[in-house]
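Dropping a structure here in structure tokens format, bear with me for questions.
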Amino acid sequence: MAKRGKVNLARPDWCKACGICVEVCPVEVLELGPERIEIAYPDNCVGCENCELSCPDFVLKVVKENDE
Amino acid sequence: MTNKILSEQDKTSDRVMLLQGDEAVVEGGLVAGASFFAGYPITPASEIAEGFAQKLPAQGGKFIQMEDEIASMGCVIGASLAGEKAITATSGPGFSLKQENLGLGIMVEAPCVVVNVQRVGPSTGLPTSPSQGDVMQARWGTHGDHPIIALSPSTVKETIELTIKSFNMAEKYRIPVILLLDEIVGHMREKVRVPAPAEVELITRKRPAAEDRDNFYPYLETADHIPPMPDYGEGFRYHSTGLFHDKTGFPRGKTEDAKKLMDRLMAKIEENLQDIIIIEDELQGDEEIIVLSYGSTARSAISAVRQARELGIKAGWVKLKTVWPFAESYVAEISNKVEKIIVPELNRGQLIGEVKKAAAGNAEVSGINKYDGTIIPPDEILTRIKEVSK
Amino acid sequence: MRKEIRLSGAGGQGMILAGIILAEASLFDPELYVVQTQSYGPESRGGASRAEVIFSNEPIDYPKVVKADILVCLTEESLEKYGEEVTDEGVVIADDSFGGGYYHPERANFYSLPIITTAREEIGLEVTANMVALGVVDSFLPEIDSSCLERAIERRVPQGTEEKNLAAFQAGQELLANVIE
Amino acid sequence: MVEDIDRYLREDKLPHIWCPGCGHGTVMASILRGFARSGIDQDKTVVISGIGCSGRASGYLDFDTLHVTHGRAITFATGVKMANPDLTVIVITGDGDGAAIGGNHLIHACRRNIDLKVILFNNNIYGMTAGQFSPMTPTGATATTAPYGNIDQNFNLCELAKSAGATFVARGAAQQPRQLIRIFKKGFAHQGLTFVEAITQCPVNYGRRNNLGGARDMLNWQKEHIINHRKYQDLPPEEKEDKLPAGILYQVEKEEYTEKYQQIITAAQESDDQ
Amino acid sequence: MTNKILSEQDKTSDRVMLLQGDEAVVEGGLVAGASFFAGYPITPASEIAEGFAQKLPAQGGKFIQMEDEIASMGCVIGASLAGEKAITATSGPGFSLKQENLGLGIMVEAPCVVVNVQRVGPSTGLPTSPSQGDVMQARWGTHGDHPIIALSPSTVKETIELTIKSFNMAEKYRIPVILLLDEIVGHMREKVRVPAPAEVELITRKRPAAEDRDNFYPYLETADHIPPMPDYGEGFRYHSTGLFHDKTGFPRGKTEDAKKLMDRLMAKIEENLQDIIIIEDELQGDEEIIVLSYGSTARSAISAVRQARELGIKAGWVKLKTVWPFAESYVAEISNKVEKIIVPELNRGQLIGEVKKAAAGNAEVSGINKYDGTIIPPDEILTRIKEVSK
Amino acid sequence: MVEDIDRYLREDKLPHIWCPGCGHGTVMASILRGFARSGIDQDKTVVISGIGCSGRASGYLDFDTLHVTHGRAITFATGVKMANPDLTVIVITGDGDGAAIGGNHLIHACRRNIDLKVILFNNNIYGMTAGQFSPMTPTGATATTAPYGNIDQNFNLCELAKSAGATFVARGAAQQPRQLIRIFKKGFAHQGLTFVEAITQCPVNYGRRNNLGGARDMLNWQKEHIINHRKYQDLPPEEKEDKLPAGILYQVEKEEYTEKYQQIITAAQESDDQ
Amino acid sequence: MAKRGKVNLARPDWCKACGICVEVCPVEVLELGPERIEIAYPDNCVGCENCELSCPDFVLKVVKENDE
Amino acid sequence: MRKEIRLSGAGGQGMILAGIILAEASLFDPELYVVQTQSYGPESRGGASRAEVIFSNEPIDYPKVVKADILVCLTEESLEKYGEEVTDEGVVIADDSFGGGYYHPERANFYSLPIITTAREEIGLEVTANMVALGVVDSFLPEIDSSCLERAIERRVPQGTEEKNLAAFQAGQELLANVIE
């Protein structure tokens, strides 16, 4: 079974709305709001961590479901 | 709204411009015939490099960004010896790095202009804030005794004027001239008219005649102490070195040569103080208090002095456009006439030391000092004027 | 005449360009002197941003705003920071996106205007808010002919954006009229 | 789960001053993730940086940190490492800081093979001073000081470091944080001069002026042009031209400088005891 | 020949040595606990590097030759922050190059010693000839306002003493201390006794207690203005920067922080002038003429003054062992008592400016200046004493 | 007959101050012989040197000559060449001058491929200052500042110059003046950054301390260890170790810096004319 | 016929007696005197120019016989 | 007592080492002060070379020779250069390889001695001429015990050469005796 995960907005205030996370997410989870990122479709998240690894601003954290 | 609008033609006159001080160095330099810029970016001087990068090629001039400030200084001296009117620009940290090669430039007598747009130091300091903290460094930054000329403008217009003068003095006296801006002047925009080259006096180094080639002494002691200087590649085949040397350019290892050379290097400046020291003042002759200022601080100073006059205080204003050589005899003279001299500076008290030395106890000298990146507003000076006038 | 204008906002809102354009307008009036300064610094990356312009018909000595005759604030922070440094008769122009926090009931000339909204909605480009603001300033600046400002805009904005910017400027000019009506 | 790097951050100094979409943040995070995996003691680690946007990194990292003059970070780091070889010493530098003004210190640190972890944030531009060209600005690109296009040759810093004597040379990119993390982890474990060129995007002062789009476009550029060095090797020459190999490009074991110096101390002390 | 020969035991006492000034820096440094040297060779200072290269390892200390002087200065500051008593040595050209990083050292408050064995400048100048031409550079060579301590010995014995003092002051005040030798002192050999570490006062920087770790402010304003300083690697995890910063070590971009920091940096020195300024004099109290000297020149000066006394001239001798901070109030005081002050210097007149400033017209100040690589013999000073005593 | 080089000498400054047996004289003579063969105009040639025994060369050569600060000759030369690309600009530097303090200028001149003829007199030591180790002092050799033996790694300057972008890289030795002359002749004809490492003996401050005998012994050492690069290539690895390849190691034609800048000028002037 | 030559002491005063020329001469021509080089057996000279090319001090000049 | 000694010759003749050894001899006499200086410079490469030593039983202020009490010259140039800077009673010791040029018939204490020849012929090593010279100087230096000088030689000459150098020193000591006899 593929690992699943859940992306969190750990530090929403630090988001600079650069959109990088949107770009690197393989599925549709994230959307750019007017001010900052939004987790539009949390259920889509496959926990790949691309977003956490790529975000330059330490905004996102992905929790693996089997870690919970 | 009165109808003072310029005619269509005037509007497009590209000699009237809104320029930053940094940009004015570029425009002034081009008027003066600057044909070479080498530099390394640094706040708040980068705009000078950028301006020259943009504008030199169309005039056949050259711009090069070097790997650091040491290299920039070396490059400018090399270009100067090859015949260019050369300039570099930096701020405190880079100015520190240029010091060794600046000394070499003084020794080989290479005309060039070194701009320092001062920010708060030491070290990285406050990179975007104004300062006049490198005034003493401009005099003493390189090792050993040496002559120096340093000019410091207080307006964008004066930046154009003094940039031209820097080139002129560099060429005339065969010496690197330091142009000390501060971040305020460097980054402020003012409306100015850039003169055409034909409108201003332009000086170019004395060059020897081709027929002097066979009997040429590159560092000859002449009446004016300034030997003529050929460009590289003209067949003079002469030698220059940072070692003490005689008129041939070569070191002989004799101590009298060292003294002779140093005396000549200093005489170039010391015997031409009249020409080099530029002072602007607003004095009525009855002054009891004088505010002696330079650079951007002079703007607050004049404002304060005028307000003081309106209050009936016998205050006068002096602005040194030439910071080095210091206007010693001028200050000695005024110190005999007035009771107090106030020296506002954007540092912890630097040029005030020279003022005190020159005043030799004849006038009470006090400083107003800001060294936190803010500037001195007129009312602080006015307050001090009022205080000391009591 | 010495007229001090301070334009303030966040980095990226183009307040410095607005200041430069305002100053550049003086080029077309032979009797005007001008000094324009700005705050540089890491501030310019995201933080507060500020431009100052002083007009005079004499040479200008002290180059900084002491008390503004006109203050423009596109952010609440800038209003808080500079709101007090205005002459008694001075004009304060604030974007209407913030109402609370700082507010001067005593200040006669306080205008809360939809500057950013106008830029976004009328012009369709939020970044033109600086030009809208300039348009508002123009209404309070009889010393400068509007045509000079328009000229300056044409010269200083990025090539190809002249029209949008001029439109924003004009929208700004009208803003006040609308409010006063 | 991705390793927790919060303990390495000075949260009160964040968010950082880097622009939206600046790759520096991604590289910095990758360093910390590699560090977390290395098992090195945080208290025994010093981070030294020069001046530039990249240089600001030291302020955000919760180690002993030193933010020095432009281009000189390696020299300070050399002093720290010599003084106390037990410390892990990380240098964060930029392409201007490390390759222009600081180039000499880089090659001499390589020559000594002193155990410094030199991480160069290569954004192909002087970011901090707003867009002058650096030695890493590609030929032809424009910059404020290259308004007519840069005429300098392209510069291969990894080759330079290797030829100067570095014993660990790697290249990674913000677009490939996983690879970067692996590189850093291995680099931290290496004994000897460790040079990592981390390619990062400066959308504000490089991308915009060169019409490369925003951060996302620049990342896509990286994706297309920075490829695994093994794959790179197999490319035909003409395809190599506009590509850069990434990964650990070179690693050898050689005696490290402070270890060699320790031998001198030991020998001198022994002969002194006699 | 009298039989004053040392006993076999004394003969082999390795504390009595024939040492050059340069070697004395090494010996003095080792006594003071120097544990780190980074440098780059240059005449006439190379012997210092060579001595440390030879001697440090046996003591567990470290020597490194860097690629240039900039690197050497950085390296020394790095080592200092990691806990070493660190030193570097150079001459004028290298001293010019060190200036930028010297400013950083002042900003991050890294204790260290920077030796400059002065030769004639500017530029390459006269590499093997003595000079006191970098005295003003020692004060003002780096950009921006900054505090500085500079000591200058006149004998080999004093070189040992002042090297130890340099380390002590560096550690005590958390500041780079400049030790200004001149080529004469650097290369002359004298018989000296090198004290054992136990015989001299040795100061080591204040270090914070481990338990302060959690509430640690590396740049805290303390009563003595000198914050304690941990070594790297002790878990304090603190930040240092060349930007203006507050007590946390981080820049906040507030102007009041800049002022506070600069004031504290200056206060470290200004409030401890008593401790820092070391003066030696030979005065009877009736002086009409004083010869004020420093460095090797002080040797000719004392000789001349004693001869003058024998001739019945009321001459006195002052030697400044501390050149910076300048002994302003001391000079102000003596200038009120004597008529003439003579300042002999191996330069074109540098420290004399400070003397004039302090004297404020109260005493006539004149210089004797040599800047050709030769030194000032006693009779030249005596001649001047006689002249001014008329 | 060997070409007459007297016209390039400032005879009144000779004999030079170099010690008996110093290889600097041989290299200097070889430069002049190469120059004589190149046909370049003496009046259009500038020689710039730094500080060191090698740096004294400029004083003996009858051209426009400039003797600058330690390590910086290339920077001055860059200014001269940019100012007047018609000049042939020769830089004479030492292994301390050019590889230690001046290393950065070297790599950046290479990177630009500016047409300077950089000739580095490598005597493996700081001669002028009497025997401190340089970046070219072999590992293990002693020097006044390496009394316990040098622990730095050996440094290959030719490799460094090549990887930095030099378009002509050669190595020769005082022991092989004929090869040196050929190298110089071809180097003078090359357009672009020309780097020549000329290995020369310092019997006084290097040879003596390292028991290498006098000048003659040191020349014999060169004979055995410095071999033609083609022969070198064919050696088995273990024999390569203590040998150095000599000859023109690398040469490519690439556009030269001042030429490229001239194109900028031409373009700017054309667009200005419109 | 092999080219022949004649070595001359062009600038005897400049000789520093380093002996390099002696070393590089393929035949016995040169000898080191107490102060400087001496052309001991001029007739041996084959005109190979090794000495001229190697002398660091510009002391020797070789004249080719067919040049004369 | 202040005794000024100047040792001069050509670079490579070891005059500086001789000066250092002379000065080092003071280490073994607790009541002696000493200062030793030398000329550095490109001179040291081939040109003239000079060492100065001053002994005194008080601290020495001016560190340079004003007028030498003892002058040693191994070359004619050095005799020409320094021959006049000698006290009236001063001793001048010259190598006998040059007789002409400079010569002071009035000077009582002028000794022309086969220093270099002795080194070459008796010791078999011309480079020991400096030690021969030191031996001669010793004869004029009652203030310093010869054993101190010998000590100093042992400490300062290169390891392994002690014997030859001591022999040269002793040959020098005898030189004068031979001449006077």
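The first chain written gets the first letter, and so on, giving A, B, C, D, E, F, G and H; residue counts start at 1 in each chain.
Everything that follows uses one rule, which is that contacts are C-beta pairs under 8 Å (C-beta built on N, C-alpha and C of every residue); 3 or more make two chains touch, one makes a residue touch a chain.
All of these numbers come straight from a predicted model, not from anything done at the bench.
Considering the contact criterion stated above, the chains in touch with chain B and with chain G alike are F. Following the contact convention of this document, no chain is adjacent to both chain A and chain H.
Note on connectivity: the fewest chain-to-chain touch steps from chain D to chain E number 1. Set against the C-alpha centre of chain F, every other chain centre is closer than that of C.
Remark: chain E and chain G have CA centroids separated by 56 Å (rounded to whole angstrom).
With centres taken as mean Cα positions, chain H sits 43 Å from chain F. Put simply, the C-alpha centre of chain D and that of chain F have 31 angstrom between them.
Not a single residue in chain A touches at least two other chains. Residues of chain C found to touch two or more other chains are 41-42.
For chain E, residues touching at least two other chains, in rising order: 43, 57, 67-68, 70, 93, 100, 104, 123-124, 127, 129, 241-243. Interface of chain H with chain E (complex): residues 20, 23-24, 26-38, 40-42, 60-64, 66, 142-145, 147-148, 151. Put simply, chain F touches chain E in their complex at residues 51, 67, 69-71, 96, 100-101, 103, 126, 128-130, 132-133, 135, 144-148. Contacts from chain F toward chain B in the complex involve residues 10, 13, 42-44, 46, 48, 51, 58-59, 62-69, 72, 74-84, 86-87, 104-105, 108, 261, 264-265, 267-269, 271-272.
Partner chain F is touched in their complex by these residues of chain E: 40-43, 46, 49-50, 53-54, 57, 63, 65, 67-69, 93, 123-124.
The residues of chain G lying in touch with chain F in their complex are 11, 13-14, 16-20, 22-24, 49, 52-58, 61-64, 67.
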